[in-house]
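Look for chain A in each of the two complexes below; its partner is chain B in the first and chain C in the second.
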Partner chain A sequence: MADIEPQIRAFIVENFLFGEDSADLTPESSFLESGIIDSTGVLELVGYIEKTYNIKIRDEEIVPENLDSIRRLAKFIQSKPLLLAK
Partner chain B sequence: MLVQEFLEHSAARLPDKTALVCGERRLNYREINALANQLAFGLQARGVQRGDRVAVCLDNTVEAAVAVWGTLKAGAVLMMINPSTKLEKLASNLGDARATVLICSVEKTRQCAPALGRLTHLQCIIGVGTGEVASESDGGKVVGWTELLEKYFDCTKAPARVCINVDLASLMYTSGSTGEPKGAMMTHLNMVAIANSITLYLQNTEADVILNVLPLSFGYGLYQLLMAAKIGGTLVLERSMAYPHVVLKKMVSERVTGFALVPMIAAILLQSDMSTFNFSSLRYITNAGAAMPVEHFRKLRTQFPQTQIYSMYGQTECARVCYLHPDQIDIRPSSVGFAIPNTEAWLVDEAGNRLGNNARGELVVRGAHVMLGYWGKPEETARALRPGLLPHERVLYTGDLFRTDDEGYLYFVARRDDIIKSRGEKVSPREIENVLHALEGVVEAAVIGVPDPVLGQAVKAVVVLKNACELKSKDILRYCVAHLEDYMVPKFVEIRDALPRTSSGKVNKREL
Partner chain C sequence: MCGISGLLELKGCAAERAVLQSMIARVGHRGPDGSGIYVDGPLGLAHARLSIIDLATGDQPMHNEDRSLTVTFNGEIFNYLEIRKELEALGHRFATTSDTEVILHAYEEKGPECVHDFNGQWSFAIWDARKNELFISRDRLGVRPLFYKMHEGTFLFASEIKSIFAYPGVPRRLDIRAIDQVLTFWFTLPPRTIFEGISELPPGHSMKVSRGEVKVWRYWQPTYPTEFAPMNEEACAGRLLELLVDATRLRLRADVPVGAYLSGGLDSAVTTSLIKNFTQAPLKTFSVGFDQPEFDEREFQQQVVRYLDTRHQSVQCGTADIGQIFPDVVWHAEKPIIRTAPAPMYMLAKLVRENGYKVVLTGEGADEVLGGYDIFKEAKVRRFWGRNPQSRVRPLLLAKLYPYMHNLQKQSPAYLQAFFHVRPEDLSSPFFSHLPRWELTAKSKLFYSPRMRAELGEYDACDELRQMLPPEFSSWPAFCQAQYLETAFLLPGYILSSQGDRMAMAHGIEGRYPFLDYRVVEFAATIPPRMKMKGLNEKFVLKKAIGNRIPESIRQRPKQPYRAPDADSVLRADGSEPAYVREMLAERNIEKAGIFNARAVDGLVQKTRRGQTIGVKDNMAVVGILSTQLISDQFVNNFRRLETDG
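Moving on to the complex of A and B:
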């Protein structure tokens, strides 16, 4: 799971920065504060995380503490149990 | 009465009452009034005079609220700018208004100070937040918010009043079909009239706790702040609806009584699981900005059975025009009702004749809330404001096509121009096309709105490239992100060999 951070970073760069990588995007950068993700982007991010990591994110888990930086996201994903394959 | 007296009267009457809840911070009326006084003295010390334009480009924060009040107390004209505005547009906005002060984040002062420092009319840039504000190339124009306010910490009274109520209180910028934003000039009289009318029909009292997730740079958002102060209520200010669960929890814990929606916020709300929340304190919900899909209203009625739902319509040029009484929401949910109190709204045909019930025509508005005109744009002003009922009176031609039913209820039909409504905000296709045309490799671009379940309309750009140009959709999107406000960035970019044409050679947007 150690390579989660680069994967998330690549997703953010690809989908929210449209390929423009930026040195300002550190693992701790707040997506909202830095304007990388706006209010409509969070649900898109959740959809990606659920699909890619095969986890289910409940509404009450969609909070900045879990999602608002690359590091927080990585930590959150690692804390979640994998859904069993059907 | 001047707009800032909303705050001053409530501060005198209810000094210890909570005026503002923003994130972890809670301020009572005395505190917010004192901060606004300090800012007003600070602005005046920096040379701000009656009628000068002060631009506020901040996220929804305590400082943004203080900046609104402090600007008005200094006798200046408030100009709210969306915080996602990029440098070029920010400079052009400030240039158009000949603003003397910009209040923005410290981060923005670092990005923009060198370029903005060249604007000769701009005397001062106030940086909000932590970190170093000063830049060597700014010519000493940049000052930190805290540093500025600290000097006046013992100023408990406001500076002497310099305006009367026919003076300008705000320039409210709105997108125009020409692509160039227009600043609607609103006087204190206009803004007080609007707030009086809205709080009257919403039956607001000081027991109200109003939740605002809309940007304060958006008129509908700004009025939540002004009205909360007017009634002596509490404003719960959130940055956005990005994290619905966080906002819903806040709604319950603060016992919110009024919630201002646009259709996008309603769509996000309705996607959330609300089963565990108790919204019994929610007295009313309002919708404005764009027409709410009827299905959303039905679902909101089911979800919030005890809550009154007000469907409203307005435009920047007069803030609000009409509203549907909540007892009609199940009967005619697609109507926006009748004119708000102390105003008139009617339809006219192409020749300007007033129409009766069961008609279709352009909506015209009359009242003390109609703007004075567009800043520095006499031609556009003459198109929007035309002779009214009394000698020298002017009424507002909205450019919106409406119909009335048998009983005279108003229904929005369409814009008469091609303006897109996304997230409840007006988006000018021309403005986006202008930005796209400036991108090397783009021969032609056409922008339209396409239906979107969350945004209302999503922006779609169709682009024709030069031969052998290697640009991909993603490259064009990246360029848009760097040059346009968030809500203007296209959701879809399609590259085509040619644009469809009408027989006269114009781009046929219907075929896109």
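Moving on to the complex of A and C:
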């Protein structure tokens, strides 16, 4: 699971920053506050997480508390161990 | 109607006819029915004519009786018959039946103040040979364009910038601050244009060039009461209808048939209904339909056609069509655009022309002056919530916004609240209503090159706009502040220009806008905001005024903004897009223009090609970057040669 944060970071840099890696993007950076993610971005992110980590995200889980930074995402993914084990 | 250009040599040399010929040829599309040039020593005026009023004797440039005044004029003075009567009573004699001659006599009588009497859409230049003065004016709302430049002792002006570039030696460079403005607001802040050193005469302004000096002044601007007098709903709707009927009647004055655009929405249904119900004019309507159901409104257009029994014709706009014509659209728009929406309007104008029409009435302006845009609704909900941020009920209204934006509708309440979050400091911002839109648009700046970033430094487009707000702005209600931003800036800077005049005039079509009659605009400004938007019911008073003169289904229909396919019209998953797209977005061309970062642009292109769902932000970036590259290519690097240039 230690690999999750770099993987997510790479996805964010590639898809939302278009390769423009920024030192400002820390594991704690809020995607909303930094303007990285808009409404389509949330759906993109959910699609990526579901596919890459083979998990299903329920509607009520799509909230900033779970998805709004690299660290929160990593924690959220780790909180779903059973599905990950598939 | 028409295209104009001209010059005044201030160094003592004579104006050259050949240069004027070359300048006016650049705007020949605006007036394909004939052209005229007048040279008087250092002064030269040119005119490309689209004949609409006084087909026989209305040629321009036109003189007064003793030839001391000469005018070149683009547009219409709709109340010219009434002004003419007043002038005749004062002893003026007329040689033609045109509105052009009315301008000359009105100027003789009142000088620059004459524009206050005009109800119309104009840009014109009058040469006063006695005083050696050039007077130029542009209409109140900015329907007709006017650009100018002082170039090494020569004053140049024209309807379109490309005409000024036809004067030998005028430098063609992009203004990076103007690019930054478009990628924030969608428009440039006049007098700034996308080209360094070229100025736009702002709407509601006049100017004089005299003894080598240029003086520009404002003669009109939208304004709102600080407090609203009580108004009876019935009486208000009645007065609005009365004004709209008269505005329409005046706008049907022409010696050629007049058509109407139908979008499927409320505003164009109203203008069409006004023609049908209150005039004897024969009525033909035109519309555009889309391949993609998300954008297509033909079903609603047909409801209006059936209800009002119009002869109707529509053009089908395919997603690929937009990509094909996009370079021409940008050439005519003369500034970057971040939406492709002007492209279908370009196709629609072509359809009108092919049907033998030169003039169309449209519903433009209703959203600005009567409060129709979603941005007003969004601001109302955000402000309501912002006043009590802890409320659990107030943010539920957010779900009522943008029903046509599917990705937004799929969001959880928590994310909706996050997207529309009101920061405490936003509540006191003069731009409260527009901050979400501008912040979203500005995301395209992520693609700036390091050089662009360095050159822009600390530049903040919002600061420049803040300096332009009238002193009374802060005393207006929030709703009116938002209306002002739309009416004074977005309307002339995008809706009436990139999407309006330029697309129509590319095919020699003149748009006329009853909602932009200044009497309608001034009356609408006095209507209390709560009657413009009742609850979240937009343009309430207009719906009440028009009543059952349009189909009920259209009257009750939620606002559907006019949109067109964006990124997918210019980029394809299989790479089969038009060759110019690959060319413009190729690394060497991105680097040549120097505005964007080639690697980041490539990332965006690849993402779009992969066919992943891309949202508003990425769509705007694709269209904004491509159109900026096209502007750089067509105007700076390879300024298009005309066949007549030889």
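To be clear about the criterion, the second predicted complex is superposed on the first by the 80 of 86 C-alpha atoms of A that agree within 3 Å, B and C clash if a C-alpha of one lies under 4 Å from a C-alpha of the other, contacts with A are read in each partner's own complex, and residues count from 1 in each chain.
The rule is short, and it goes like this: a residue touches a chain if its C-beta (ideal position, glycine included) is under 8 Å from a C-beta of that chain, and two chains touch if they have at least 3 such contacts.
These figures come from a predicted structure and were not determined experimentally.
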Query: Who does A:D3 touch here: chain B (first), chain C (second), both, or neither?
result: neither
Message: Looking at A:S39, would you say it contacts chain B, chain C, both, or neither? Reply first, second, both or neither.
response: both
- line: chain A positions within both the chain B interface and the chain C interface are 17-20, 32, 35, 38-43, 59-60, 62-64
- prompt: What part of chain A is in contact with chain B in the complex they form?
  reply: 17-20, 32, 35, 37-43, 59-60, 62-64, 67
Query: So in the complex, which bits of chain A are touching chain C?
result: 14-15, 17-20, 32, 35, 38-44, 59-60, 62-65, 68
Of chain C, residues touching chain A in the complex: 405, 407-408, 410-412, 414-415, 418-419, 421, 439-440, 443, 446-447, 597, 599-604, 607, 612-618
Chain A contact footprint on chain B (complex, rising order): 84, 239-246, 264, 268, 271-273, 423, 454-455, 474-475, 477-478, 481-482, 486
